Amino acid sequence: MKEEIFVSGRNIPNVDPFLHIWHWQIPLYLFLGGLAAGIMFFASLYTILGKEKEMPTTIKWATFLVPVALVLGLFALFLDLKHQWYFWRLYLTIRLESPMSWGAWVLMLITPLSMMWVSSYIKELFPKWDWKFEILNKFEKLIIEYRKPLAWVLLILSVILGIYTGILLSAFNARPLWNTAILGPLFLVSGLSTGAAAIMWMSKSHFERSFMSKVDLILIGIELFFIIHLFMGFMASTAVQINAAELFLGGQFTVSFWVFVVILGLVFPAILEILELRGYKIPVAIPALLILFGGLMFRFIMVEAGQITRYLY
Amino acid sequence: MRYAMAIDTKKCVGCSDCVVACQTENNVPHGYCRDWVVEVMDGTYPSLELEIRSERCNHCDNSPCVRCCPTGASHYEMGGIVTVTHNECIGCGACIESCPYDARYSHPDGYVDKCTFCLHRVEKGEKPACVSVCPTNCMYFGDLDDPGSDVSVALKNRKHKTLAPEAGTNPHIFYLI
Amino acid sequence: MKTRRDFIKISALGTAGIAVAASSFSYAKGSGLFAKDATQSLDDSDLQRTPTYCEVCFWKCAGWTYTNSTNEIVKILGNDEDPHCNGRLCPRGTGGVGMYHDKDRLKTPLIRVKKEDGKSTFREASWDEAFDFVAANMKKVGAEYGPESIALFNHGSSGHHMGHLLQAFGSSNIVAPSYAQCRGPREVGFGATFGAEIGSPEPTDIRDTKCMVLIGSHIGENMHNGQVQEMSMAIDNGATIITVDPRFSTAASKSKFWLPIKPATDLALLLAWIHVIINEELYDKKYVERYTYGFDLLKKHVENMTPEWAYGITTIKPDVIRKTAREMGNASPSVIVHPGRHATWYGDDTQRSRAIAILNALLGSWGRRGGFYFKEALHVPHYPTPAYPKPKWSWKEAMNGKYPMAGLSVSNSLIDASIPSDDNKYQIHAWIVSGTNLPLTMPDKSTLKKAMDALDFMVVVDTMPMEITGYADVVLPECTYLERFDDLRVEPHRVPSIAVRMPAAKPKYDSMPSWWIAKKIADKLDLGHYFPWNDYSEVVEWQLKELGTSLEEMKTLGVKKFDRESGALYMREGEDFEFSTNTGKVELYSTELAKHGFDPMPIYTAHPEPPSGFYRLIYGRAPMHTFSRTANNPNLTDLMHENAVWINPKVAKLWSIKKDQYVWLKNQDEQVSTFPVKVRVTERIRWDSVYMVHGFGHSNKNLKTAFGHGASDSEMITNVMIDPIMGGTGMRGNFITFITEDPGKEAKL
């Protein structure tokens, strides 16, 4: 028999017996950040491709969600900090080795830029909107004029936003469940998929809806591919990774992951979308909601399970 | 100059004096600890083996905690000692997630805390509190770059190991076995 | 001062609003938003230090108490010059700050009163009122039954002051449980052999030994500082350690040979070793010839006690017995067969200690380097006080002819003497209890309760609301050792030394030092002339002046060593030496034991074994606690908050008990444990025994940290095997079984 115990009574809150430093605030932010990244990505992509007429929701209306999601996400992050009033220290330095530092700066850039994007479409939504100050009117004209360059900038930033959270988690080699290169692309694709689902839900045009629905199907396909390879990679890796994967292959997260994230969050909505494309009438809210729910659950499960996995003891 | 610690598991009795001394020296709040003692037992009665280890932050060379810190609060001091500047720490917890040894904790005051090799004592030429108090004298602390230091001599003469070397962080607490 | 525990409660919740609030606090008390980081670690240059010696256990290490600018005690470190600790305190000493900061400390004197519903409770009283009460009762009992009818149960420095008071009053019935419940048997066993007791600290030359044999002794879990330090030095020197223990103790894990002996059979092993050492001529021939008496008698006595015979009893293989005996022989005379400390096991403990002493004598280790050195204590003059009145009787008479070789008073005997009965000519009617928690210390709680119920009066002097305080008529709160002056520490060691204890802080709450308590009671008893000083520092100063130093000097030194005057540390080769025995020699055959009608040489007797479904209860120490004394100390409960019952995996499987499950214990006399205890399933314990650390299972609710944590092993000790030679209470003859469902017992207050 092998026995390994603490002799000195160690029982640190949130660290023993299993690490649980990050609570609901982090997965919520990851979801909102991914959603914002997804929507912004499509908005800027289709602006660059000149599809403003065919895809108004994608480019204009859905983007109103972006600053809201980002601000809520930032607020969640702020709440997660335990030494809150020192948060401004993030912006006194940029640390290239720390994905969290990239994230702080990306958010710092993308939030005002997305607000600028949205502000340039406000008059289309509320025709009586008055900026009150001349400088703001000038600013609005500037944005509208330079929309394509702004779209390029936002395209790049939204990809970084979508992928950096996955890279951040994968950089923690101490947490075997996260320590895989596939996590970055997986988070990006998941974020794009939730963005597409939101756009699909909000859209009023049949063309836009079915277009985004097709895009979403491809994204779900890629996501499923990544998930399968995630687990194949774990099972072919070292003991700590195999242990980590076993949490999902018989362990405590098996049901919640495969049912809520994979079946309800990916496979079932995909089937519904295929049926929709085949002509069956399915209220768009159902697959969209399921995809969003799946995305949220995915992040909650990954954050909680990842903290449980470890190297020693 | 590279500080390191060597701990003789053959002499350690697991009394946990190192834990209490650290607590009183560094004002560690009750319920938290910067160092701790682990006992590993293997075998079937009466063929048994016991290893007792006093563990703490390993002050790694390739520290993931320093790498991932978004504000630079987690940094290297003299001799490779890893510390946290309290008023630069935002309490994001990334470093706690990144440590393979679970050596860090979130201090009730908000910042992240851990063993500092008693930097405030080392700066004055003293040893860390745990090393100074150990009744079995099984802990050695010193400069690895000095071939005559306690640590260097201990490592030269004895078989030793580190914890989870495969985590790739290059830890600097050596256990004499 | 807001405690750290409050902070933990707030921030551990992790909910949004509260987290913001807690962090705002940290901003407010931070070192400034832009300031360079100031760690909260101590900077010794801001601290003041005062010399003291530790009272957490009885090794009495000298150290320095550090206080900060607001006169709070922050840490305690060892004194480098002290031979007891060499500058390094053990975890209990380091954690002594917890004793000072403990919120559950006794705060005011308490007097027992009866409420309307007939139940008793305590009410707070002033010191003066309490002293009046104590003095009045002492006078009453003294007048009615004689001053001898008051007994003092004590352990620690306070005992000296209360003892001085009691002797001035006219009684010499002073007892410490550490004799009959702990080391008594080895004192008598070694005393009968070498004419000298072991005493405390043990004069074992571990740092220079080549081979140390531990019989049940668990150095490393037993944290007597000097012993652990020297064992570590011995390991560095490559010394062989042989551990005889049914449990895989820490010491066993560091031993070259671990003999997993069947419990209660150690004497057979010792006798077999004696047989091998004599028959294979592994003994120190010159030493035995020159200094011992009775060798031939011993040789005949152990003729048939072969390793094969011992194997059948102990389950230790004969070749292992021979191998280890040879190992000891090869190391002779630098070999220590350790006398142990807590020796009261099965009632034949004096004889087992005799066997250990005989082994040492054969190996020539007594008075030799690497064996036992000749310790010396400094002779410190007594502060002149009037002579004590001569008591008409003492504990010797109260023993009614029993325990003829007891060198010190026997606590269980005095407890028995407190119970009224027809043939009790010397009855004790009142107790003063200071520094010992009798309900958790004494086995056989029912006799203790009977005795306490019969008393006219009981005063308890303590720092914490230990269980004993619940039975008192008056409780007097003593301040901790960190807050008072006390006698000089004059323990014997290789070199005579003194250590001084000075207060580092003012006593907290309304607690006071016991020298003051004793003096004030004396004043009320018209015995003030026995305390002819106003502050105890005067006594200490006087003594120091007599020794050629002063309080001022000792404040900076803490410890002072002196030259030996009694002779060399070891015997010289071929030196003539007279031992203080009847024959003047080391008695392998004990004439004193023969005189009193006991076996002059040890004989193995089998002891009862556990019935089916029961397991022998073995108990011991943990290095971070001093039994029940520290179970409430916040620094030490951080390390260990409760004990666990160690169960062998085979047994656990049989009972379907899992690790970390809580079970109640029931013993052979139907006694059920008040609290459940956590299970540790481990291969380290034999399948016929279970093991627990002693000192937990506190039932006094006022010990808020300790209450209900762990279970009390002493509660399970109802079968006491009394050693007829000196009255020691053998406690290892108790067997327990497990109850997995709550038996519905309520905690007694």
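Each chain carries a letter (A, B and C) given by its place in the written order, and its residues are counted from 1.
FYI, a residue touches a chain if its C-beta (ideal position, glycine included) is under 8 Å from a C-beta of that chain, and two chains touch if they have at least 3 such contacts.
Since the structure is predicted, the reported quantities are computational estimates derived from the model, not experimental observations.
Relative to the centroid of every protein C-alpha atom shown, the closest chain centre, again from C-alpha atoms, is found for B.
Across the two candidate interfaces, A-C and A-B, the one carrying more C-beta contacts is A-B. Between chain B and chain C, the centres computed from C-alpha atoms are 33 Å apart.
Chain A and chain C, compared by their mean Cα positions, are separated by 63 Å.
Chain A and chain B have Cα centroids lying 37 Å from one another. The residues of chain C that reach two or more other chains are 8, 11-12, 22-23, 26, 33, 624, 638-639, 682-683, listed in rising order. Residue positions of chain A with contacts to 2 or more other chains are 1, 3, 8-9, 13-14, 81-84, 86.
Residue positions of chain B touching 2 or more other chains: 14, 16, 19, 31-33, 41, 43-44, 52, 87-88, 91, 106, 109-111. For chain C in complex with chain A, the residues that touch the partner chain are 8, 11-12, 14, 16, 19-20, 22-24, 26-27, 33, 624, 637-641, 649, 682-683. Contact residues on chain B toward chain C in their complex (touch as defined above): 10-11, 13-17, 19-21, 23-27, 29-33, 41, 43-46, 48-50, 52, 83, 85-88, 91, 106, 108-111, 116, 118-121, 132-138. On the side of chain C, the complex with chain B involves touching residues 3-5, 7-8, 10-12, 22-23, 25-26, 29-43, 74-78, 85, 87-91, 94-95, 97, 220-221, 223, 225, 228-229, 231-233, 235-236, 248, 250, 253-254, 258, 260, 623-624, 634-636, 638-639, 648, 682-687.
Those residues of chain A that touch chain C in the shared complex are 1, 3, 8-9, 13-14, 23, 25, 79, 81-86. The residues of chain B lying in touch with chain A in their complex are 14, 16, 19, 31-33, 36-44, 52, 64, 67-73, 87-94, 96-102, 105-106, 109-111, 163-164, 166-168.
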